[in-house]
Amino acid sequence: MQVNETNTVNTEEKEFTPLIVAFCCNWCSYAGADLAGSSRLSYPANVKIIRVPCSCRVNPLFILRAFQRGADGVILCGCHPGDCHYSTGNYYARRRMTLLFSMLDYLGIEKGRTRVEWVSAAEGAKFSATMNDFAATIHKLGPNRKLRDLRCEK
Amino acid sequence: MREINEMLKKKVSELLENGTADRIIGWQAGEFCYDVTPAVMRKDNLDELFYNGFCGANQSKYLIQESLEEGKVLALLKPCDTYSFNQLVKEHRVNREKVYALGIPCSGMLDVDKIKALGITGILSIEDNGEEIKVATMYGDKTCKRTEVLQERCKVCKGKEHKAYDELLIPDEDAPEVPNGEDRFELVNKLEAMTSQERFDFWRGELSKCIRCNACRNVCPACSCRTCVFDNDNSGVAAKSNADDFEENMFHIIRAFHVAGRCTDCGECSRVCPQHIPLHLLNRKFIKDIDEFYGEFQAGEDDTAKGPLTAYTEGDCEPSIVMEKGGEA
Amino acid sequence: MSNTEETLIPKIGVVTEVRVDTPDVKTFRVTAPEGGKVFEHMPGQCAMLSIPGVGEAMFSITSSPTNKEFMEFSIKKCGCLTTWLHQMDVGQQITVRGPYGKCFPVETELKGKNLVFIAGGIGLAPLRSVINYCRHYRENYGTIDIVYGSRSMDDLVDYQEIQEEWCKEAGINVHLTIDREQKEWDGHVGFVPTYVKELGFDLDKIILICGPPIMIKFTLQGLEELGFQKSQVYTTMELRMKCGVGKCGRCNIGNKYVCKDGPVFRFDELGELPDEY
Amino acid sequence: MFKIALDKIDELFAALSGNETLYLPIEKSGEIEFYPYEKDAKVRLDALHTVKSAKDLFFPQTENLMNMKLDGKNIQIEEGRHVEDPFVLFGVRACDARSFDVLDKVFLADPVDSYYAARREHGVIVSMACSRPEETCFCNVFGIDATMPEGDVVVWLDTDHLYWEAKTEKGEALTKTVESVLTDSDSKAVEAQIAATKEIMDKLPLKDLDLTRFTEDEMMNIFNDSRWAEMSEHCLGCGTCTFVCPTCQCYDIRDYDTGHGVVRYRCWDSCMYRDFTRMAHGNPRKSQLERFRQRFMHKLVYFPENNDGMFSCVGCGRCLSKCPIHTNIAKVIKTMGVKEHE
């Protein structure tokens, strides 16, 4: 039996603004996000960027914990395959994320909630477009209900 | 089975006598006919050793500890145990030098919970010869089909070939026939064919039974970390209970992920689960995906091949493949 | 204390003073937010201190109950919570619950007796409460000897109080020792167990001992060689605790719970229990 | 004594769950636990045991104690809520019913655990006599009568009726609320069933476990017995036995940081776990041997010593069927029940 006595679910539906966590590799995608900013390309303010040394630094727990703490969508951005600063990190990340996303789908979690995109330092426009598109996808999916932790809801 | 038992006893005492090994991880009878316990035996208590249809436990994990200790240990490996053994040797968790592996035949192991689930309770003795299982109970004699009460892993048996051994009790080709392997991905396929919501409901139902006893983790030969991330207070995810649905999901996703590409599908996790959560279906999903995305791979087939998650090719599929390929939305 | 509200649910305390005793020991003075003590205690009793989200652990109360304004905790930095506590400034709130356990029998068996306190390192913390209690009610007790040792001069906890108060008081003999020679040190050098044997106390005394397990073990051997009985020696124990009220089930030594039946034990009682501490 | 026909039993459940929550053995995803009754639930009164024991209802696996907030230098504490809604726990077997006495000794001893006490006060126990024990049962060893369980109300089932008898004031009060669906009955059928069950109980393979050695005087001898080493050798160190046990009551208190505060909750803990007694400077129970020994010493020696000889085991047999390697308390009793070199 689970007792969550103090948890109450907020039944009032407010205008939904999805919270998005973007893990960006330090060498390409984070620089890409920087470029997007300095080129005045807009992307949603509710995209929270977490800089990681390499896309393969992200392990499945990071993704799950982002959902636990209230993310509605999680996106991982790294260098294009072949361009990894550490030569091969993103190749490993690619396999891991493929398997993880497939598992989440298998468990019945909406498959659009997670995404991997390769964004180079020169692709400010791609970064902004990707984020806008991802935010729109998540908005359509609605709030994350299946992979949330009730204790973390305000 | 009785002959094999006698052969085994003779062989083991021979190997201990001639100093090939100084102890053996064997099986010891319990209170009832089915509750067999793994036990380390030496020359003096070898008469307690026996082998029957309830010796299903995969003992290769014990070799991690045993191979750290002095002297050589004799391990009895059923064909499917050799996969886990290979995997542990490959990961340098078991010191191959300290183990003498004796391959023993297996014709499928029984699951007492499946017998009980048929309504056969109050079990006093079980006779296991061939097709039919005779069970004497406090409420009279019962019978059931052997195929009905085989352990999950035996229903999808990998075959009678030992993948690693120093010696075989009987040559693989002379070993008794193993059960006909069913398609191990049958249920995975079935789940994949469901809608996303159906899958979600199925797994919620199963995972919400989890009492977080850690039996699945502690028995798993692939879960050989000295300190598990879920026991590490600095990991931020350490917990002793599932205080929220999320933790049930997280624990099992991560547990399965951490053994992905290394799991030999030995089925111990499902065997020991007190709530009978079909954990093997999580592992098999990873195995199936790996097979489909990166080519057929059986962990533990040998002790050298690189695992699928420690390898890559430049042309690997993108994670977006899940969008196209994955189960129904 | 009669139900959970008063046991598992803590009270709030405020740190009003932080004193650096040694490189890894700090003493924290704690009062209730409105001033005064959070609760009353007897010498040897413990309290659970915690910081939300960091952890909770049992600490002995080092100040004497005769102090009516505040409680003090001498804490050595060794784990996650204690590291956090060491970073605290004055004004920080912490949670406090207690008091837990039995005290030293200061009002019964120890009354009228000649006392010897033997402490090593941070082991002085629980004894300091008793020493100051006995000093306060000086007429109730006979002679007082204090043997205190640590690794070096810098590791002596409460050195100032020892020098300025204990050493100057009539009827109290303080014997300090450090493990290895040190330039500025003109006192005794050597380990506590050997020093105790050198000092060779009269057999009419009651011993109160606290320190690292290895020190206790050898001191006890030495005392027995001198002719002391196990029933003359008291110590205070520490094991992992969660509830403090004998229910969470982890601090037992045999059938005794350290949090409830201890932390103060007489050695002849411990001798009847499994050696698992 | 009252009765109701089994084909009308849903009326009884409907009446019982009318004003308060009714917990009873219900099958979900293939396993049986005490779940709240709802219409069309798969009620399994035939099951001997739920996987988790009934202790979950009084001492839940996780329970929030308080919400805390660390705000700069200030701390706020907001106490968790106690259970104040009455509930009925239906279908408790004799072993589980006795386990509440064991838990009471711990949680109702001074200082009283008010979370547990509140649940005990608000829960009415309807226990159910056994008629089909299994080979793993040995409650008789602890003086428990499976045909006459403790509880506020006791019910017996035969092939077509449920018989109902109130045993306490609480039970009488509950009976009043469901009287309309019950009819009067004599006790003949129940007596016959009790006699039949007793005959079966005599055939139980573990009925003669001998507890005479587990006394205070033998504590040190049992503790120092060298046979613990071989018995614990293959223990996996999982918590299965502890978590399915109706009398295991050790708990942990943990903090969970939600991002906007801290929940301090308690949850079941297991003495079989490595970190159970681990401190910053070491662990008094270093190997699985010590942890394994602690569990059984507690149940068979320490607990009886502190509680007038009451053992902290009720012979339900859950650990016998659930232990992954089949090491269990029955084996320990058999081994340790005789002196080492005899």
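Per-chain numbering from 1; labels A, B, C and D assigned in written order.
To be clear about the criterion, a contact is a pair of C-beta atoms (placed from the backbone, for glycine too) under 8 Å apart; a residue touches a chain by one contact, two chains touch by 3 or more.
In this text the structure is predicted, and so the values were computed from the model without any measurement.
Asker: Just to be sure I understand: the centre of a chain is the mean of its C-alpha atoms, right? Then which chain's centre is nearest the mean of all of them?
Answerer: D
Asker: Looking only at C-beta pairs in contact, point me to the busier pair out of A-D and B-D.
Answerer: By number of C-beta pairs in contact, B-D is the larger.
Asker: Report the inter-centroid distance (CA atoms only) between chain A and chain D in whole Å.
Answerer: 44
Asker: Could you state the distance in Å from the CA-based centre of chain B to that of chain D?
Answerer: 30
Asker: If you average the CA atoms of chain A and of chain B, how far apart do the two points sit, in angstrom?
Answerer: 35
Asker: For chain A and chain C, let me know how many angstrom lie between their CA-based centres, rounded off.
Answerer: 52
Asker: So which bits of chain D are touching at least two other chains?
Answerer: Each of 61-62, 252, 256, 263, 269 in chain D touches at least two other chains.
Asker: Mind pulling the chain B residues that touch 2 or more other chains?
Answerer: In chain B, 242-243 touch at least two other chains.
Asker: Chain C: which residues touch two or more other chains?
Answerer: Those would be 80.
Asker: Chain A touches which residues of chain B in the complex?
Answerer: Contact set of chain B toward chain A: 191-192, 196-204, 229, 235-237, 242-247, 249-250, 253-254, 256-257, 260, 282, 285-286, 289-290, 293-294, 308-310, 312-314, 316-323, 325-327, 329.
Asker: Would you mind writing out the residues of chain D in touch with chain C in their complex?
Answerer: For chain D paired with chain C, touching residues are 65-66, 68-70, 73-75, 77, 79, 106-107, 109-115, 117, 219-220, 223-224, 249-253, 255, 257, 261-262, 264, 266, 269, 271, 276-281, 284-285, 290, 294, 297-298, 301-303, 305-306.
Asker: Using the touch definition from the top, list the residues of chain A that touch chain D in their complex.
Answerer: 1-6, 69-70, 149, 151-152, 154
Asker: Which residues of chain D touch chain A once you look at their complex with the stated criterion?
Answerer: Where chain D meets chain A, its residues are 34, 56-57, 60-64, 67, 80-81, 256, 258-260, 263.
Asker: Within their complex, state which residues of chain B touch chain D.
Answerer: Touching chain D from chain B are residues 30-32, 35-40, 57, 62, 113, 116, 121-124, 137-139, 205-206, 208-209, 211-215, 217-219, 231, 239-243, 271-272, 274-276.
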